[in-house]
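A short write-up of the structure that comes next.
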Amino acid sequence: MELTHLDGEGQAFMVDVGGKEMTERVAVAAALVKMKPETLELILAGNIKKGDVFASARIAGIMAAKRTPDLIPLCHPIPLTSAAVEVKPQKPDAVEIIVTVKCRYTTGVEMEALTAASVAALTIYDMCKAVDRGMEITCLRLLSKSGGRSGEYHRTETE
Amino acid sequence: MELTHLDGEGQAFMVDVGGKEMTERVAVAAALVKMKPETLELILAGNIKKGDVFASARIAGIMAAKRTPDLIPLCHPIPLTSAAVEVKPQKPDAVEIIVTVKCRYTTGVEMEALTAASVAALTIYDMCKAVDRGMEITCLRLLSKSGGRSGEYHRTETE
Amino acid sequence: MELTHLDGEGQAFMVDVGGKEMTERVAVAAALVKMKPETLELILAGNIKKGDVFASARIAGIMAAKRTPDLIPLCHPIPLTSAAVEVKPQKPDAVEIIVTVKCRYTTGVEMEALTAASVAALTIYDMCKAVDRGMEITCLRLLSKSGGRSGEYHRTETE
Amino acid sequence: MELTHLDGEGQAFMVDVGGKEMTERVAVAAALVKMKPETLELILAGNIKKGDVFASARIAGIMAAKRTPDLIPLCHPIPLTSAAVEVKPQKPDAVEIIVTVKCRYTTGVEMEALTAASVAALTIYDMCKAVDRGMEITCLRLLSKSGGRSGEYHRTETE
Amino acid sequence: MELTHLDGEGQAFMVDVGGKEMTERVAVAAALVKMKPETLELILAGNIKKGDVFASARIAGIMAAKRTPDLIPLCHPIPLTSAAVEVKPQKPDAVEIIVTVKCRYTTGVEMEALTAASVAALTIYDMCKAVDRGMEITCLRLLSKSGGRSGEYHRTETE
Amino acid sequence: MELTHLDGEGQAFMVDVGGKEMTERVAVAAALVKMKPETLELILAGNIKKGDVFASARIAGIMAAKRTPDLIPLCHPIPLTSAAVEVKPQKPDAVEIIVTVKCRYTTGVEMEALTAASVAALTIYDMCKAVDRGMEITCLRLLSKSGGRSGEYHRTETE
């Protein structure tokens, strides 16, 4: 077993995905923003009025999915076919973010989904930090992926 | 108490920092990448040889600090004066990332530090995902900030 | 009278703003998206539910203000201190966009305001084009500017 | 009839274009920059010497076509196969911009053509604003598109 | 013989690659950073400890390959399938950079390889400039290309 | 003597420029594009008609100066006050590029000038590569810098 991004001498490079099969690929990632209950109440009250905190997080997440190869050094540029960011209050003290990204390509979109979830979470932090600096982003992880040679992956409870 | 990024009608906007004082500001953020013990061993073995996993994460984090206003919708463009990303193994099964960002400006660099920590962590995920898809990024949080009207902030254990 | 971006031989360059005074500068720009009345009704119906068309346009406009020097070749990078995008239905058949951008710098932010208004308008076009390909973006113009050597500017009716 | 970028709850997402057919697609967009007659004369005089105002607008437009998914939140990244920006004086008081963008992909390039036309027009504004702040960008619209399920579109006079 | 990026009137445009065949394409480019012998010694001493100068150059080069269409006005966006940057000391007074980029597409990746080599070299300059401002980047050139209608290219000594 | 971008353990970081004096800084860099004489003749013939090869190189160089912190990992974001790119034929077989960049800041703009010169040269390569694949970019170097603690630098012949 070896780290695929390191060549024989341990130097980073972008692995060759040219010979891999072009298949439909889906990745789902999630994150949790933990906050004070009163912060969630403020967001939800604002949300009822105009929805901009959650809308901003969704838009930021979708745009970040597209910026992934600009951010993560060894990610390939991938023509994404769809991206969706769900932002859901988890009462009493958290917001859950679930991102689904798809492509039809020779490599998967796990990093796109994770990057989108991360930036959506950071956007919530940014918009609420004046009232709650202690928020924490946690559980940023891959829920599932399909397509590609390595087959399906579904995160299990024990992980 | 209200969310400062929402105007009277709940619409997002970039808050005016023009009237705030230009002071030296520092923000420190951290994150943890949880992984299998054998993944950490692989990184460290590679790291001993050439150091590229940790070096890549550091570079990606520093570059991401500079991209923050491109990613987080309501962040101001800020002329950063320094950025440093520490990547430290936490045996047996985690890597810790600590980012320190500084500027001399009218608004702080918390989002820059958090974004850098997040992208450094995602870079580690990307470079190791072929051997450990179940890695999880957690505890992404602000450790401290100083400078600015709202004074010093130091995260306490109980948060 | 001469075009300030062209040197003696007519070659483009980024004019030197180093010697100019650092003052508070404000620019206000606007645009109109003309559409079918039924398109506006659809947006408003969606808007009443969740507000995402207008929210997306606002976020896209604010982010575009920050990207202006990446897009307009001879624009200076400017540390913006605020940006706000208002998106207002103009019944029966238009949406009006008004952008206000501020900085404290040696050059103004007209281009940032105009670029933001343009991208906010294009975002509305994008989100509605499946139902109304004939929409037209019009009246993209500077409403006012203040600060700087050339003094105040307020667009008059006759222009 | 519904807005395709909004899901059942009115939340923005990037629509899935993975199942659509890969076909040759062309989009043509246009814009008009209205200005004082003496401004056009100045441009043309400069243009005769070196051509940099129009050349800058063409280059900025082409580069903007490639940046479209970075600017318009729900646009897909598309591998463009060509982009051309025509900049033509419309005597006595306007400059016309016509942009043609092509790709072979599962979704069209209308937004790329419109974004390019918009940025080319803004570049002309930027380079001439010192002599004519009252310029106005108008008639930014899609002239035609072909390829794709929705068939050909040609803008008609009455729109 | 004519310059393919200029149309009949000498105006720049992005040439149409839509009708070209999709083939495996490889480009190899190289550059040399000339420096004082003591600068190379310092790098190598640092490199033995942690390798960050060469690692930073490799990462910067790979990321730059992906940014090529953002930098070179008439380059097409290309879905790269791999990128590798080799950084090798050339004792006593130079560092050699060799970049290999691949894609499966209708146009080649020469510019990606050259841009990556250039940015890797500039990164070395940046990290060492405090001790050796007189460094010079030289011999930035295409070593070979394959794939595509124009056939193989291998640089010869006499060029 | 030590490399200022490496900390005690040889890890890359963005050096702190917060305590340095804000002064007027100028950097001048240059590069040479060597080509076949007939390639230069083709450019000049095109140039006489419309000037787009040189105009494109100038615009690309200016835009690249602004993108420098996105490309060079440890460069600070700097509010440039001016940038100018001169492109001059060096008969019979070369094009010379000279870039001047200025800022009023706590750190210098050498990397901005060098990056601009490099991208302007690559743009010429790109636009002419169909007729002359053997072109070579050479002599990319800093000609002079002023401002800042380390004083004036003027490249001498012997370097």
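Residue numbering begins at 1 within each chain, and the chains themselves are lettered A, B, C, D, E and F in the order written.
Quick note on the criterion: a contact is a pair of C-beta atoms (placed from the backbone, for glycine too) under 8 Å apart; a residue touches a chain by one contact, two chains touch by 3 or more.
Note that the coordinates shown come from a computational prediction; the quantities given were computed from them, not determined experimentally.
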Between subunit B and subunit F, which partner chains are common?
C, E
Interface copy of B-C among D-F, B-E or B-F, with over half of contact pairs matching by residue number, is B-F
Turn needed to bring subunit B onto subunit E - CA fit, degrees, nearest 5:
180
Where the centre means the average of the CA atoms, what chain is farthest from subunit E?
C
Hey, which chain ends up farthest from subunit A, C-alpha centres compared?
F
Whole-Å gap between the CA centroids of subunit A and subunit F
37
With chain centres defined as C-alpha means, what is the inter-centre distance between subunit C and subunit F in Å?
31
Just the number, please: Cα centre separation of subunit E and subunit F in whole Å.
16
Quick check on subunit B: which residues sit in contact with 2+ other chains?
11-12, 50-52, 55-56, 58-60, 63, 67, 70, 73-74, 77-79
Name the graph shape formed by the protein chains and their touching pairs; answer line, ring, star, complete or other.
other
Listed by label, touching pairs are A-B, A-C, A-D, A-E, B-C, B-E, B-F, C-D, C-F, D-E, D-F, E-F
In their complex, what parts of subunit D are in touch with subunit A?
7, 11-18, 69-70, 73-74, 76-79, 105-106
Inside the complex, what are the residues of subunit D that reach subunit C?
1-6, 9-12, 38, 42-43, 46, 49-53, 55-56, 59-60, 63-64, 67, 70-75, 110-111, 114-115, 118-119, 121-123, 125-131, 133-142, 145, 150, 153, 155, 159
Per the touch rule above, subunit F residues touching subunit D in the complex are 50-52, 55-56, 58-60, 63
For the complex, which residues does subunit E have touching subunit A?
24, 55, 58-59, 62-63, 65-67, 77-86, 102-104
